[in-house]
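Next, two complexes with chain A in common: one pairs it with chain B, the other with chain C.
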Partner chain A sequence: MASLGQRALRDRLRGPGLRLQTGPFVTCVQSPLAALADSLGVMYADYPVLEEGSLADFHVRLSGSHGLRRLLRPQVHFHYDGMAPFQPLPLGQAFPMFEWAMNWCVSSQAHSWLVIHAAVIEKEGRAAILPAPPGSGKSTLCAALVNRGWRLLSDELTLVRLDDGRVDPLPRPVSLKNASIAIVRAYAPAAQFTRPVADTVKGTVAHMRASSDSVARAMETARPAWIVFPQWRAGAPATLAPVTQARAHMRLAENAFNYSLLGAAGFHAVGRLVEEVRTFDFSYGVLDDAIAVFDSLLREDA
Partner chain B sequence: MCSSPIWRLAPGQRLVHRCHDGECVLFNDLTGDTHLLDPFTIALLDALRATPQPAASLAALCAEHDGGPTSDPADPAELEACEELLADLAALNLIEALPC
Partner chain C sequence: MKSKRAPQPQPQRPLLLRALRDPGAMAGFSDAEWDLLLRQTLAANLAATLGLLAEEAGVLAALPARVRRRLGWARTVWERHLRAVDFELLKLQAALRETGLPLILLKGTAYAAAGLAAGAGRLFSDIDILVPKAQLAEVESALMLHGWAGSHHDAYDQRYYREWMHELPPMQHMRRASVIDVHHAILPETAAARPDPARLRAAARPLPGRAGLYTLAPCDMVLHSATHLFSEGEYHHGLRDLFDLHRLLCDFGGQDGFWAALPARARELELARPLFYALRYCTRLLGTPVPDAVLDAAHSGAPNPALLALMDALFLRALAPPHPSCADGLTPAAQAALYIRGNWLRMPPLMLSRHLFHKAFLSPKTEPAQ
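Here is the complex of A and B:
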């Protein structure tokens, strides 16, 4: 995208749409919002952009308010294939809304995969899947790991292929919330972040740019080796505790967006996944200790 | 319901399951849910797939599983426990009582 230049980027967004490739998906993005164009230009600078007219999996449009509202209380509206599935948000939340909408497109449409609400990272060909509810420290841990030698496959959506159980990468900016923004900034001062946006439904949010390497290797699948359910606790030592396969199955099912929709195929996909990996609960309080544990997993299973 | 219903596997259930280390997960074909069960419950469901039976017949299986002696007629406590389990499985749409 960087080679397009800012003017061409804005023209495509205002006109026929920007065909943005993220992992296996192409999204046609249309938007007249200059601030969104600027954020996309920075956070997606390394991503492939397809020619105008190329087929897209998702067609999205983010637009501003019209009339008096545009002046008094400007908002951003999201449209998917002409529909408006979400309430508009304050205009300053355009980029977070874009990211949330992209997640929604995949989690609600991409049923050729088992889609798990989980971060996933890779090193030496082996992937660690980190499923967890909000507030567990999943994205903070993911951001730390990808700044210490692990490759980002996704911080939010793990795409498990139904035919062979491998993970397809979907590297996009890492979403950070509230206190974790300052923690990750301090931990990875060289990383690039969006300006924090306050007062969203998730509190204050900022996004960390995915590394150029993870974007360049977005078509390089990985074999799952570990499922780690993280839980951050202040001051807690980094501790792994095994989780039985059947219980890991139940917890993965709870964290998968389309498990029920896939029916028996989802059951078998999760069943195979837990049989092929080691499964753990992981509590941690210090990022460096957590990194050391992940690197020791890698050595143990070498 | 009859005083002593005959139970069978609910039509449509295939008992698709996986067991690991003394715990099983079962896919419910009718609801799409996944249940965490013990291997004995899977064996009981399998028995009902093979032959519809009343709780009294299954009580022997329950007693055997609990390591106690089997008796005929079934021990009342064992029978009550078995009936409770069958009611739970029926509530999950895994089994059903045959019409009287």
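Here is the complex of A and C:
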């Protein structure tokens, strides 16, 4: 995208749409919002852009308000090819809304994968899947690991192939909330962040750019080796506690967007996954300790 | 009476109509055409159907990989839908067993349970059944005992459904959230045409291999589908419903006596007008193979030429794919006119004005969903 230049980027977004490739997906993005164009230009600088007329999986449009609303409390509206699945948000939240909308496109439709609400990272060809509810410190841990030698596959959506159980990468910006923004900034001073946006439904939100390496290797799949359910607790030592296969199956199913929709295929995908990996509950209080634990997993299973 | 079936040159026929008319043509579309076709298809809720059509025509393997993948996603959703419908039908049969009534399925539910081509890829939100009016209360209480609760509790809505409409307020299961529409007729009590539901029930056919389940007879299934589509007020699913008719007509057209019986049955049930529209727009938009003699016989249901010209202007817009690429400047006006017409057909003018007044000013407002 960087080679397009800012001018051409804005023109495409205003006109026929920018066909942006993220992992296995192509999204056609239209938007007249200059601020969104600038954020996209920075956060997606390394991503492939396809020419006009090539096939897109998703067609999204983010636009501003019309009439008086534009002067008083301007908003950003999300349209999925003419439909409006979400309520508009304040204009300043355009980039977070874009990210959430991109997640929604995949999680609600991409049924050739088991789609798990989980971060996933890779080292030496092996992937660690980190499913967790909001507030567990999943994204913070993921952001820390990818700044210490692990490759980002995805921060939100783990795509498990239904045929061979491998994970397809979907590297996109890592979403950070509230206190974790400052923590990760301090932990990874070289990384690039969007300006924090306050008062979203998730509190204050900022996004960390995915590394050029993770974007360049977006077609390199990985074999799942561990499932780790993280839980951050102040002052807690870094401890792994094994989870039984049956329990792991149920918890993965709860965290998958399309487990029941896939029926038997979903059951078999989760069944194979929990058989092929080791599953742990993981509590931690300090990021460096957590990273040491992940690197020791890698050595143990070498 | 001359037949109006000479093919007209239509250079800008929407891609989706081209694909539905001739599924084999899908093999020849470019990437750019597919990009637009997929969007029209998703907007019309026909993605799973299109994939199955491509498979039937033997061209699925020739489509671009990204298209096959996209159609596959929709197919997965449809397969899940079929499993859920089968399960609900078992539950519904168990709930209504004590009433001893045959379970007559209508619309999408019937197509799916009967495995008809019209059901291939089709998603629907409610399960529709037909029961005698005299047994409505019995059916309602049996459903309530098995977990389906009525909706629309406000006194006015209750009266609207129970006195004027042809169905109970939709009943939703408290745990599984499945919705059942219990019909006792196919048009409102307040509409001008009142096809006798006893005749429809008497002609219902048992589903082979599914003891206790019935569908309407082939002619009646077509007539019900046509009645529903052409007395609607809301056409977001217009093309999908027209395609149902196309598939039903193609399916049943091969059965002995079907074509001869259809126009006569329509007159008998006072449904000659909807049949006329169904055949007119199926042949025009989808190229449905209807014998000329049947078109001529159905022409007795045509409105006068001036009205027909107007209805063409409205329906040809409302039945196009519901996507901006298929709309023109008059599309919103056509939709608005059909909305008013849909309500007009439901009840006499004075009753309608009272109803709209009540809905606008007296009914409690529901909060918009967040």
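Everything below uses one rule, namely that the second predicted complex is superposed on the first by the 302 of 302 C-alpha atoms of A that agree within 3 Å, B and C clash if a C-alpha of one lies under 4 Å from a C-alpha of the other, contacts with A are read in each partner's own complex, and residues count from 1 in each chain.
Note that in this section a contact is a pair of C-beta atoms (placed from the backbone, for glycine too) under 8 Å apart; a residue touches a chain by one contact, two chains touch by 3 or more.
Note that the structure is predicted; figures quoted are calculated from it, not measured.
Student: Would you mind checking whether chain B and chain C clash or fit side by side on chain A after the superposition?
Tutor: Chain B and chain C fit side by side in the superposed model.
Student: Identify the partner contact of A:54: answer first if only chain B is touched, second if only chain C is, both if each is, neither if none is.
Tutor: second
Student: So, does A:112 touch the first partner chain B, the second partner chain C, both, or neither?
Tutor: second
Student: If we overlay the two complexes on their shared chain A, which of chain B and chain C does A:263 touch? Say first, second, both or neither.
Tutor: It touches chain B and chain C both.
Student: Where does A:26 make contact in the superposed view: on chain B (first), on chain C (second), on both, or on neither?
Tutor: second
Student: Quick one: classify A:296 as touching chain B (first), chain C (second), both or neither.
Tutor: neither
Student: Touch test for A:247: chain B only (first), chain C only (second), both, or neither?
Tutor: After superposing on A, A:247 lies in contact with chain B but is clear of chain C.
Student: Hey, in the superposed model, what angle do you get at chain A between chain B and chain C, Cα centres, nearest 10 degrees?
Tutor: About 60 degrees, rounded to the nearest 10.
Student: Between chain B and chain C, pick out the one touching the greater number of residues of chain A.
Tutor: C
Student: Should A:82 be classified as contacting the first partner (chain B), the second (chain C), both, or neither?
Tutor: second
Student: Taking the superposition on A as described, I'd like to know which of chain B and chain C A:212 touches: first, second, both or neither.
Tutor: neither
Student: With the two complexes superposed on chain A, say which partner A:271 touches: chain B (first), chain C (second), both, or neither.
Tutor: The first partner, chain B, only.
Student: Nearest approach of chain B to chain C by C-alpha atoms in the superposition, in Å, rounded to an integer.
Tutor: 6
Student: Under the contact rule defined above, give the chain A residues that sit at the interface with chain B and also at the interface with chain C.
Tutor: After superposing on chain A, chain A residues 260, 263 contact both chain B and chain C.
Student: Can you list the chain C residues touching chain A in their complex?
Tutor: Touching chain A: residues 30-32, 34-35, 38-39, 42-43, 64, 66-67, 69-70, 72-73, 76-77, 79-80, 83, 323-324, 370 of chain C.
Student: Taking the complex as given, what residues does chain A use to touch chain B?
Tutor: Those in contact with chain B are residues 244-247, 249-250, 253, 259-260, 263-264, 267-268, 271, 274-275.
Student: Write out the stretch or stretches of chain A touching chain C in their complex.
Tutor: Chain A reaches chain C through residues 26, 28, 53-57, 59, 81-83, 87, 109-112, 260-263.
Student: In their shared complex, at which residues does chain B touch chain A?
Tutor: Per the touch definition, chain B meets chain A at residues 16, 18-21, 23-25, 27, 29, 32-34, 36.
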